[in-house]
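Each of the next two complexes has chain A plus one more chain, namely chain B in the first and chain C in the second.
Entry: the complex of A and B
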């Protein structure tokens, strides 16, 4: 399969710079540990927010770190789309007889992000071991769907940013609000924020669908019928549809920069 | 001295061109500000001893307004110079390398700070009372805030030279700035305002250079310490500034002896 060829190529090229890839991965893990330390200090100092304690929040931290870094690793092409435009790589992609989305996925794979993926998984496991969850088969399925939904939503967000950069050519800093902003917002239960902020990051940008809502289901929290919490990752994943449509529409409007 | 000031001016002017970037940045900063205020309020409840919610709100807005000088960067031109070997031109110039970099860095940091802080200050001052940036506690406190802020920027420059030094060793700017910024972020009150940390930790951090960058000026502004303590702390940060610059110069000198120029 073509993707395998691309994949092996990326593996080979990052193995050429093994030390560099490793150093970048370690740095990023250290940065994540810094963020984790912040979360820990908050709970050390203030014990809890509402009925949410440290380990529930730790699980959120683990989930968002895993899915965000996973998306950054494999959907890097969308995240750095402005670069593809500026260097003219996009022009070359458009004339090839292969699906554009496939090419974007295949063109950039950044293995250094996997360090953070590992950290996220480790943190998730530690949190799950400390939480008193009465496991059922549904809860296991919901937990798995959480990670899938997370990767799908973050990829969708990267697509929006990529679509916008078709018009701006530069990576605009305020796209940061929905990428890194959403990421940092998701370190904590979304109900600590203002109602409007929480609504935007639930209904428009469905970050809550892969942390706050399904974790409420796992823990048995919340006032809505449990089934709503349970299917939220599935509903959240639908977010990718408008994202793909938006991205395709932007590509139709694309004019080459001539480089 | 004149040529160093020339470098400062050149990088100041270079950075001041990016106005659209600054506006887009201000929007982002505004979002972070709102988010942090909600987050910290939820945790703090009615406030903690010696750090009221109103003080926290002001601290957060100041942090967003002066964001450009809170973190450490390796100047872009230095990165490319180290990576592609152009750095050798800096060696042959009859100027001190440390000073060249230091003045360029301060120039661009000052410019991006000046571009960004006004819109945040203006918008944050007209928000509803619970989210509003308050005025400084007193005129002397405001003047000391300005002095501490300038020293803070100079200390930021001195610490960034350590990141440059690390870049020399690792040849990876992303790595070196990342690590230095985790230290500055955690110990300097950027990730979490220092008054929210456990007291035992604060007692140590109050005498470290990292808090001098932005935590000290902000706390003078919100009246978290009296004028006398503020003066003592400013003297401590001046001492740190001198010490950091001397250590930085010595380190750079020793690393230059072993430098291998990349490429050509």
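Entry: the complex of A and C
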């Protein structure tokens, strides 16, 4: 498969800078541990937020760290799209007889982000071991869909940013507010926030669809019918459709840069 | 001969946001952006025949790169139509680009950190080139461009000239029908420049590839082709034979004469003395009927000559003249 070939090229490239990649990965894990410490200190003070205890929140932290870093690793092309435009890489992609989205995925893979992916998975497992969940096959499926939905939603947000940078030719801070802001927001259950903020991060930028809502299903919390919590990751994944459409529209308007 | 490229009435406008000055200007532009429309191409029409090498020339910012980008399907024109090998480049992009190769002189299409050979192998998969055909083509390109020692090196270790050779090979692995070269000789030393030119000619001859190249180096054009398209301020100014242009604008000649004795005050009708020192004088003429023998006969009747030489105006000067004439 063509993606494998690209993947091998990335492996070869980053092998040239093994130590560098490793150090970046370690640094990022340390930063994430710092964020984790903040969550822990908060809970030492307050013990719980509504139903939500420390381990539920830890699971949310694990999920968002995993999916965000996974998207940063494999959907890096959208995240750094302005760079692709400036360096003429986009022009080069457009003269290749291969789907553009495929090329954007295949062209940029950032292995140093995998450190955080591992951290996120480890944290998720620790949290799940401490939570009293009566496991059923549905709950396992929902848990899996949570991670998929997370990656899909984050990738979608990267795509919006990429589309906007077609016009600005630089990365915009407001996209960082959405991505990083959404990430930080996702460390805590969404019911601690202002109603409007909660709605935005449920219905417009569906972060809640891969943490607060499905975790409510796993734990059996919440006042809505359980099925709504269960299918929320599936519904949230639909977010990618408008993102792809928006990105494609922006590419049609692409003006290229001078030589 | 069949026309492989047909450009008819292509216009391309760019919308450039105007940057307002100062802090409040910046704040204002957040809410209301003002735009400036730049007409990069204005009603550009031309056609190119299959198997031709065409020099696409013009000063910086004339619209050369924009044209190449439209022809390679990267940009969509504002209006007008373009048919290349039966395709409209910006529609059916994936099918169309299989037939073209593009080299941007200042940008690389190969991987920075992996051996050149690996980049080529990836291109093999991207273009779905059958293994046998790929090996054959690569062997040929390696031989003609002398790449044997380079294939195992990563791109970052190569010199500019070596890089350009590899870029050319990379753009030709899938044997495109049409090759676009955007300033292929920029920054190359004399030897590499000659090698690249020879290679371009070779490919054109053996594969019958149609080649469109933009360049600022008129000696490229002189060495490669007799067909030029001159563009300035987004409009086609001249489309035709290079020889004709040379004939029209390149009539000025300078004649350097060394006299046996001290330079006498010579006055010849139709000749201007540009400079002189002790024994030599430089004459200049615009006369189209200039004939070396007549001139020598004429002057040696009166004076004793030791040596003389006749120089044509360089192609660069011709181009400079053209640019001034068209005010571009």
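Operating definition for what follows: the second predicted complex is superposed on the first by the 258 of 259 C-alpha atoms of A that agree within 3 Å, B and C clash if a C-alpha of one lies under 4 Å from a C-alpha of the other, contacts with A are read in each partner's own complex, and residues count from 1 in each chain.
In this text, a contact is a pair of C-beta atoms (placed from the backbone, for glycine too) under 8 Å apart; a residue touches a chain by one contact, two chains touch by 3 or more.
All values reported here derive from a predicted model rather than from experimental measurement.
**Q** Clash or fit: chain B against chain C, after overlaying the two structures on chain A?
**A** After superposition on chain A, which the two structures share, chain B sits beside chain C with no clash.
**Q** Quick one: is A:177 in contact with chain B, with chain C, with both, or with neither? Answer first, second, both or neither.
**A** The answer is first: A:177 touches chain B but not chain C.
**Q** Examine A:46 and indicate which partner it touches, taking first as chain B and second as chain C; both and neither are also allowed.
**A** first
**Q** Between chain B and chain C, whom does A:34 touch in the aligned arrangement: first, second, both, or neither?
**A** first
**Q** In the overlaid three-chain picture, which partner chain does A:224 touch, first (chain B) or second (chain C), both, or neither?
**A** Touch status of A:224: no partner.
**Q** Tell me the contact category for A:204 with respect to chain B and chain C: first, second, both or neither.
**A** Neither chain B nor chain C is touched by A:204.
**Q** Counting only touches as set out at the top, which of chain B and chain C does A:20 meet: first, second, both, neither?
**A** The answer is first: A:20 touches chain B but not chain C.
**Q** Could you let me know whether more residues of chain A are touched by chain B or by chain C?
**A** B
**Q** Applying the document's definition of touch, where does A:125 land relative to chain B and chain C: first, second, both, or neither?
**A** In the superposition, A:125 touches no partner, neither chain B nor chain C.
**Q** Could you work out the angle between chain B and chain C as seen from chain A, using CA centres and rounding to the nearest 10 degrees?
**A** Value: 90 degrees, nearest 10.
**Q** Looking at A:241, would you say it contacts chain B, chain C, both, or neither? Reply first, second, both or neither.
**A** neither
**Q** Quick one: classify A:192 as touching chain B (first), chain C (second), both or neither.
**A** In the superposition, A:192 touches chain B alone.
**Q** For the superposed arrangement, tell me the lowest C-alpha distance between chain B and chain C in Å.
**A** 6
**Q** Under the definition above, what is the set of chain B residues touching chain A in their complex?
**A** Those in contact with chain A are residues 21, 24-25, 27-28, 31-32, 34-35, 38-39, 42-45, 48, 170, 172, 174-175, 178-179, 181-182, 185-186, 191-192, 196-198.
**Q** Residues of chain A touching chain B in their complex?
**A** 20, 23-24, 26-28, 30-31, 33-35, 37-38, 41-42, 44-46, 49-50, 170, 172-174, 176-177, 181, 184-185, 188, 192-194, 197
**Q** Which residues of chain C touch chain A in the complex?
**A** Touching chain A: residues 14-15, 65, 69, 72-76, 93-95, 97-98, 100, 102, 104-107, 109, 111-114, 118-119, 121-122, 125-127, 154, 182-183 of chain C.
**Q** Per the contact definition, I'd like the list of chain A residues that touch chain C in the complex.
**A** 2, 5-6, 9, 12-13, 16-17, 87-88, 91-92, 94-99, 252, 254-256, 258-259
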